[in-house]
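Everything below concerns the one structure shown next.
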């Protein structure tokens, strides 16, 4: 299936931004796991549009309805389907661009989707390629996260950077469960709360200019036992990367030292082993908790690069697909000047699915 | 299967570094495609150890034997199996570390593989996690590449950087088939041949110090028509990333502007459309030829970060897994001071498989 | 995914008999295919309970709601989700057996599902194992069938036997598109309409006795070109069989001469080739249109054995899973005395999915 | 992959009858399992041609070479590759039919394979469709069987019938481990040894007449705990059927009462539950140990219909594919007059893979 992941945990995401609804079928969950739908709501609210200037004001009613797979508040073991109705779309916003199949927006999948599906896809608001499709992913991530928690695994993510403003990074050796939980509760998920103002200023300025700005998200898991993952194609890096690139706007991923490792000497990049309380650990964590695709027991750490929201208010050149002439498009709707804060839970969700799938 | 890829083209890689042999079963190839085994040999020779100081001198006899799937020099349509015998391993080198299951080498998968398989895996020389397993991948990449060529697609890769030395990047808009073919023929695959000396110096210095150095590989495909790839989990980015992380030592991947996009404004990162001779093109190519996981018709460009070879001659701290005490390991064998040049064809191979699989 | 099929066409079925709803996500459909939902309704009505004595009178509102994947009446190319709400269940009927997790009904999956899911599954009315889950399969089958029709493929099925009463078989060489379409329109899908009375009598008698009766369904496709299917695990027989056994109550399948071939000599069972109007055909069709898993161009024919409905009114011995004691169960609800007529479209649906998936 | 099975245990089979070699890559085996290659040889010998009149005298050297995945006699956990060289083929036999791509043999996959692969496949001796490809399946079945044995599961199969001669069936309730092991040791695997003569006579007569004869194989597993299998598409019936139809010549499969259930009343076909020593059992076993695709703890029983060997010495009509004219073919080589005895271990092997994969 084209929008599906198959593993120990499997899912397929369906829906279009302006169709009847979107949703997910999630399978492979162990039976008898209590799922707290209030917690799921809190997780998904982190992805919802902010009420301030940092994101779009389009109202999204993202409360999922569970059709199957939950029984008496617990996973039944059979496929879990959750659907989210589409509502409140200001279709006037999309008037001029009724269809991305006519005037493809630069930086969006309008043009490539049009070619891929011979013009038959529902391109309104991005259709199946819309960032809205990360809502079901967040639902899945929350469900998997609750199960992981009971197995001693905690995950979390923060805004590593927006434009040129940088948060503090996770300490790759000492990052703790508490830190990961604390950062989730923040409006802008930052480790260093003093960076909040700077980030807002950068986002606000982009918005005022009819522009947008990108950033980097750093994500981490602690409590993953050594030995999770399989060689070559089903390692943690392969699976996490495959899931992370399901999030629109992600253009890069690096694990541990990542691209910085390319400049290091081996003697510095290698993480030496030692023993503490009978446990094998490494003194540094340039490997990001993964060697040969398999977890080492150290914190799993990766960063994902998020491009600036392609929907900008400034006029942009495009092509009228109905007649092949060049045209100018001005995107009228309200759009996120920076998608990074809302992408944070989606990145965390992808990690949760990957981990539960491989454990 | 744990070392397998499933798609339009599928494969499974098998073997251990010091077992009887390694190989691949490759399936999904269109029938009737002529495969020039001489060309396959040339491709694989690019991965073979160099005769100079830039790589290990262990002799590898990497001429694959085809057991099935080729008939009268053409693909038969049924699974193609190629095997490569293991020979020439200087087992004395591995004497002290007879088994990575006892003294895991830092930066290698010895420790994680040991835990994953309960100590039952063949860890000699890295076993199934050895870089040697990229030989079958290169074989598959060459086969797929020959078929892609007939469909107008050319791929190529070069050393983007080694340590702090940088080659020129591909021109993301104008890169040509000729350029891609030319760089393959070079001993060190560099666009700017004048960088050759500097790179060798860096690698040579690392070797003299008993150390190693990492780098970045840039890879490109031209001639891919618009519309290749599927949304969310089966997009070009998902599939390429999944395959690239099958190459040991890769710790990051970025498409188009990649991590640099995180610092850009949307107005600059977006690639505007225009029409030329009836074809829809973009003036810039920050999207790396991929929007929403689907090809736009522009060159596909990505970079992979390669960590420094973990096998360094310097003594390193580790843990003796037989008794849980701390120990020091000194890796005696001859090892690549820089794996980057030999990883170049593996990266190209991964792209070839991804492209043919999705086309 | 556990209730999923992956191929050229893929789907996952979700839901439980007495939960909020059931449904399907269907993917891999070619974009731009017009889907007539009225035809889909007619197909699904063939599966619906009959208003006479041959089936249960429980009202099922099986009109699916399409959430995604259809745009302007055509397939969009992205995953199609259809849901069907559960309603009208007479929960009083299930009072004593509130949960198959307590008093498993003989012949049902109550006991095995209970063990499989550690008692956490929703076993009311059979839960995820209910025959009701064939409704989404029929939906998928109708969608695929409409697309197949445009490619010149027609499928159909009839009641081959009920108890000891037998219909005429399809002529394996001459069966025509018209015949296949005609039999679908009949209340009891029989080739020989004169058998109608006998079949009803057998079913009626079983019902009067608080009992049930099984039968055999014969299914056929004409217009399938030669060359469809792949060797060993992905042949037509493998794929059709895998899908047919998704229908509860099916306990056997045979292709062409099937079990009768086991008694034949090779000289009689082999179908000799001849040429007619430049086309290669066989004079007989004991191979059921499939050789080596691949279509020969002759009609594809198979039969599926359907066991008698396990829900009978007579008291049956079972075990109280709450305390491990033996018990007697009397199933009070209204149940089909013979599931065969309603299973006919499900069998046809499975064939449609298999064929479109492999073409 | 086209000749591949994916599950808890996965494999891909490769090779052509007259190419360099055939083999299998088997993955998903638990690490650390001792594999006795002598036992594997005994299992495969059961599939080898008999030295008497019941099978072909072509010599097959079916001793597999293990290339990977076994370390110190135990499974390493990484993919296990076994190859078998092709040798001793009397190519003169295939002279006239150098290629099934020219004169397709009735009842074989020559014609369908030719169309499927556009004439590019290696059709000599059946190529990838040859019964010889069941040798790797038997290897896999033996490996899985040794692991199953340690988990308390025993499987076995016997000749249920050849032509009109029938062996005794397994007692579906009381069949024992000992019985299953005993029948394997017999030259013709029959429960009632007195049937040996009759079977040989039937096979001998067919051979003398230049003809062949089919039969039915019954297969059983005892010791499978309740709860193995998943609903709808991944139930035991789906998976076993998919694997069994990988064996050339199988045209039907039925579980438990199978086709006979179609004539039964529900009150007779249902297997009532009772308790014995705290275990839930059924008094009868018409369900063949499977309800809703999931094991009940009772013996798993199924029968597979095997068509008569399509290679008969009698002249047969076919079509010359090189010019489209009708032709007569006379198959000169030595061929099995009855493939049933040699197919018995292949059926058992398929069950072993299915069971280990789902457990």
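Should a chain be cited, it is by its letter among A, B, C and D, assigned in written order, with residues numbered from 1 in that chain.
As a convention for this text, a contact is a pair of C-beta atoms (placed from the backbone, for glycine too) under 8 Å apart; a residue touches a chain by one contact, two chains touch by 3 or more.
Since this is a predicted model, take the numbers as computed values, not measurements.
Visitor: Give the label of the chain whose average Cα location is farthest from that of chain C.
Guide: Comparing chain centres, B lies farthest from chain C.
Visitor: What whole-Å value do you get for the distance between chain C and chain D if each is reduced to the mean of its CA atoms?
Guide: 27
Visitor: So how far apart, in whole Å, are chain A and chain C when each is placed at the average of its C-alpha atoms?
Guide: Taking the average C-alpha coordinate of chain A and of chain C, the gap between them is 39 Å.
Visitor: Express in whole angstrom the distance between the two chain centres, defined as the mean CA positions of chain A and chain D.
Guide: Inter-chain centre distance comes to 47 Å.
Visitor: What are the residue numbers in chain B that touch two or more other chains?
Guide: 2-4, 13, 78, 116, 128, 231 - these are the residues of chain B that touch more than one other chain.
Visitor: In graph terms, nodes being chains and edges touches, is this line, ring, star, complete or other?
Guide: Looks like a ring, each chain touching just two neighbours.
Visitor: Output every touching chain pair, sorted by label.
Guide: A-B, A-C, B-D, C-D
Visitor: Chain A touches which residues of chain C in the complex?
Guide: Against chain A, chain C makes touches at 1-4, 6, 10-16, 19-23, 25, 27-28, 31-32, 65-69, 71, 74-81, 83, 116-122, 127-128.
Visitor: Quick one: which bits of chain C touch chain D in the complex? Just the residue numbers, please.
Guide: Against chain D, chain C makes touches at 2-5, 13, 104, 106-109, 111-113, 115-116, 128-129, 133, 161, 163-164, 206, 209-216, 226-235, 237-239, 241-243, 245-246, 248, 250-259, 261-267, 269-275, 278, 280, 282, 286-288, 290-296, 305-312, 314, 316-319, 321, 324-326.
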